[in-house]
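Next come two complexes built around chain A: one with chain B, the other with chain C.
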Partner chain A sequence: MHLLHVLFPSGLFTADFMVNAWIAGSAVAVLSASVGFFVVLRGASFAAHAIPRASFAGAAGAVLAGGDTLVGLAVFSGLSALGIASLSSRRHESQTTALVLTAALGLGALFLSLGNAYAPEVYALLFGQIVGISRPDVVGILLLLALALLATAILYRPLLYASVAPDVAEAKGVPRRRMDILFLLLVALAATAAVPVVGALLSFSLMVGPAAAGSYFGRGPAQSLGIGVVIGLLSVWLSLVFAYDTGMPVGFFVAAVTAVFYGLGRLWSRLSEGENAARVSP
Partner chain B sequence: MAAFIASLLTLGATRTALVIGSLVAATSGAVGVFVVLRGQSFSGHALGDIGTTGAAAAYLGGISPLYGFIGVGVLGGLGIETLGERARERDVATGIVLSLMLGIGALLLYFMTQRPNPGSGPVAILFGSIFTVDPGVTGPVALFSVLVLLLLAVLYRPLVFTTVNPQVARAAGVPTTAVSLLFMLAIAVAVEESALVAGALLSTALLIGPASAAVRWTRHVGEAVALSVLLGLLAVVLGVALAYQSYAWPPLDRGWPVSFFIVMIVLLEYLLSRIGRRTRQEPATRQVP
Partner chain C sequence: MRNLQPVAGQAQPVLELAGVRVSLGGRPVLQGIDLSLRPGELVGVIGPNGAGKTTLLKIILGLLRPDQGKVRIGGHDAQASRSLVGYVPQSYTPDPDLPLTARDLVALGLDGARWGFSLGGRNRRAKVDEALNWVGASSYADQPVGRLSGGELQRLLVAHALISEPRVVLLDEPLANLDLRSQDEVVALVGRVAHERGVTVLLVTHDMNPILGVMDRILYLARGQAALGTVDEVVRQDVLGQLYGHHIDVVRVHGRILVVGGPDVEALTCTTCDA
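For the complex of A and B:
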């Protein structure tokens, strides 16, 4: 009984900012895990790391220009997605991602220095702060979720095809280049929603961790995607409880919990591989 | 011009920035060519961030950030090297290691800011500035640079072989696993020393930018290494000079961030190499995957 009170103190579900955090956090979890499914499938963790991180510069720019943070995040994550897409042929993708990221961060350093931003604001954007989510933020994040889910539903089959067997897909008329761009824009959409909640540095934990764990637990794409979403939701909910209890940054808990799920996934796949091997070779 | 250069060198902080910046730019430029050719940009970038967490831990523990950067960076490099075998698995494993280390870094920085006098420690570790670097680290940084370049010289032939064609190299008796592991060690030390003096942001820019441009402009790996070192030095020297100039620029009286200038010069070098490539025939280094 006592432990329950410690884990779930009053206000966890009722305080205004916590209601915002629960709604926004759940939306971000679903969105990130869905987009993350394709990130893991395509081996695009670097882009998933770089785009939210680059969008931080947009937030710093918005602070400097006195504009809306969410708009700044959207503009910079979109621009960096297009930058990565337009600079990379397949062979050079990882270094162009690095260069786009450093260019955005260089601008971010300039904006921060010009704007003389108050340090805690910067930390909140980098590492996430659950008390900072306002009602308009929640509305914006829900709109982004709806948009991204619609896009994922439409793109699901061609994007899956283009990710698993790009050559075959191209031969069958799925344009590889356009799929690359659309995929990166999806990552940008997820990043815009996730950065205000979990921060620019750890948004990609939510994209990569749950989806990677889901791919170990699930059989077939749809099941992997579904399990990834469930793990994403569990990760965010656990992290919100821990962050509220301890006052520590929510990004830390998100990174730790998703890493644990990933470790469990790897363990599970190793164990079941052994089982299958035993079954195949009697 | 001569008077301007003379004034640059007489200022202590600028002189330290030029010396130490040149050291890390040359080391990163040389290592970076192989990082680019082997497609290890993600690892190279991740190591900078991972080292930052080590530096935060060292700061909290009251020891020099240098050891935090190098120690945790080397461990992280070995972790990335051993966690993933297949390309896709390696990509995700790098991501998870990076994500976990960033999370721990977030926690450590939180502890720092909870202290009564957080000062500029956390910001310095996150963004690092080549102008505020302690001149006392020049010695260790020079030592580490020499070690990395020596390691690279020893590894050079087997590394080129392994990079160009891993299967043939393995068949010819090159210990490819050991070569890859030792090269990862070289990346880790090169990245961490530049993250220490210039911040994680510049460590990625100096590792990937000059090397990507040099690979496009040259025909042989050796030429690419030489050009990459030169381009890295050019970016640092020009960047420091511009930052020094910018103290007179609006709207600030305290100068624009040097990292901004260096990153933009590196980006310009890369973009120029892309334009140059289009007007030329086949650059030969592209035959190296």
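For the complex of A and C:
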């Protein structure tokens, strides 16, 4: 009994800011893991790393202009996604991604120096402020979740096809270029929702960690996607509990817990690989 | 799946190219290509690097529009008849941890280009099972594609190409990087695709020898031009000499054909001479 009280003190589920945190955190977990599934399939970790960071400049701009942070994040993550998509060919993808990232970060630095954002605000944008989420933020994040889930549901098959076997998918009439752009826009959507909650620097771990672990544990695509979502939710929920109990930053726990799940996934994959090798060589 | 028997003689051509000319970046890659292939014909596409083999596949797939000429598949324009063409790409090497089973890949060949989720259904599953069974891939249907051997993967890609019941199947270097036993298995399978199912097959390879036993005709490409006919009609000193534009020697040793020649006497299709 005593331990349960320590782990789940009163207020964990009832305090207003915690209710917001549970809802927003869960939404971001589901959204990040769903989009992250395609990030992992496509090996597009660098873009998934760059877009949330680039969107930081949008938030800084919004603070400067006195506008809504979510809108600033949406504009900048969308623009950076389109920038990466329009400038990159297969060969130069990482260069373009890096250039878009640094250009946006430069703008972010400019916006911060022009404005007079408080250090805690900047800190929150970089590392997240899951326990400082407002009710309007929660509504915005839920809307983003709905939009992204709808888009993912519609795009699911052709995007899966273009991600796992691009050459044959193209031959079957899946437009490769359009799929590249739509995928990056999905990442931008996920980044817009994730940055206010887990921060520009840490949203990458929520997008890639659970989805990658899911793809190690799962067999087919649907199973991997589902397991990724469950791991994402578990990661956020555990992190919220730990953060509330210890008073330590939630971002630290998100990064740590997703890393642990990823490690377990790798281990699982190594073990099943051994099993498979035994199958191939009789 | 249907088992179309090739109808001899009277059958309408399935794949027709007339006066096809393609330039890439101002450089002519294919010029004056005329082809007419019947149902159930297996045609080997041979030629040195840069002869336009991949470009030829791209225009048949409708991914590239010829500058001049017509490409017709089953009587329709190639751009409008993608569902009639199956494709086995060159060097498909999925990541070992890709969360995609053999069954998933084949199912994508059936409806992967459609929007939304697949609701599955018994019919879809039966079709996938039948395709897997036909190529002999049932035993590894639930294995991740990234953990399959090269030969297993090629058979799977054939099932993937066949499941949409195409009239033409294109295979780009399906024998590359396979050991000899797997090569034989894939060649036999591709022969069945053409001769049992009546699907017209174009198989691109840099070495004609492994497919001599199943190939009906050969399409020899060099310098953007093509010669089509039986092996005896095409793989001759005079025909190839004209195609390459310089002296060519055709050597037959122990039932194998070696094409040797060129200004600096390079071996042109003799990559497995010592095998």
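Just so it is clear, the second predicted complex is superposed on the first by the 276 of 282 C-alpha atoms of A that agree within 3 Å, B and C clash if a C-alpha of one lies under 4 Å from a C-alpha of the other, contacts with A are read in each partner's own complex, and residues count from 1 in each chain.
Methods note: contacts are C-beta pairs under 8 Å (C-beta built on N, C-alpha and C of every residue); 3 or more make two chains touch, one makes a residue touch a chain.
Predicted, not measured: the structure shown is a model, and the values here were computed from it.
In the superposition on chain A, contact of A:Ala171 is made with chain C only, not with chain B. In the superposed pair of complexes, A:Ala103 makes contact with chain B only, with no contact to chain C. Looking at the shared chain after the overlay, A:Ser269 reaches chain C, while chain B stays out of its contact range. Judged by the touch definition given at the top, the superposed model places A:Phe127 against chain B, while chain C stays out of reach.
Between chain B and chain C, B contacts the larger number of chain A residues.
Once the two complexes are overlaid on the shared chain, A:Tyr161 sits against chain C while remaining clear of chain B.
Once chain A of one complex is fitted onto chain A of the other, the partner contacts of A:Gly209 are limited to chain B, with no touch recorded for chain C.
Within the superposed three-chain model, A:Gln223 lies in touch with chain C and out of touch with chain B [touch as defined at top]. Shared contact residues on chain A (touching chain B in one structure, chain C in the other): 43.
Per the touch definition, chain A reaches chain C in the complex via residues 41, 43, 153-158, 160-161, 164-165, 167-174, 214-216, 218-221, 223-224, 269, 273, 276, 279-280. Taken together, the chain A residues at the contact with chain B in this complex read 40, 43-46, 48-49, 87, 91-92, 94-99, 101-103, 105-107, 109-110, 112-114, 119-120, 122-123, 126-128, 199, 201-202, 204-205, 208-209, 212, 248-249, 251-256, 258-259, 262. On chain C, the positions that touch chain A within their shared complex are 61, 63, 82-83, 85, 87-90, 92, 94-101, 103-105, 108-109, 111-118, 142-145, 147, 149, 157, 160-161, 164. Chain B makes touch with chain A in their complex at residues 36, 39-42, 44-46, 49, 87-88, 91-92, 94-96, 98-100, 102-107, 109-110, 113, 122-123, 126-127, 201-202, 204-205, 207-209, 211-212, 251-252, 256-257, 259-260, 262-264, 266-267, 270, 274, 289.
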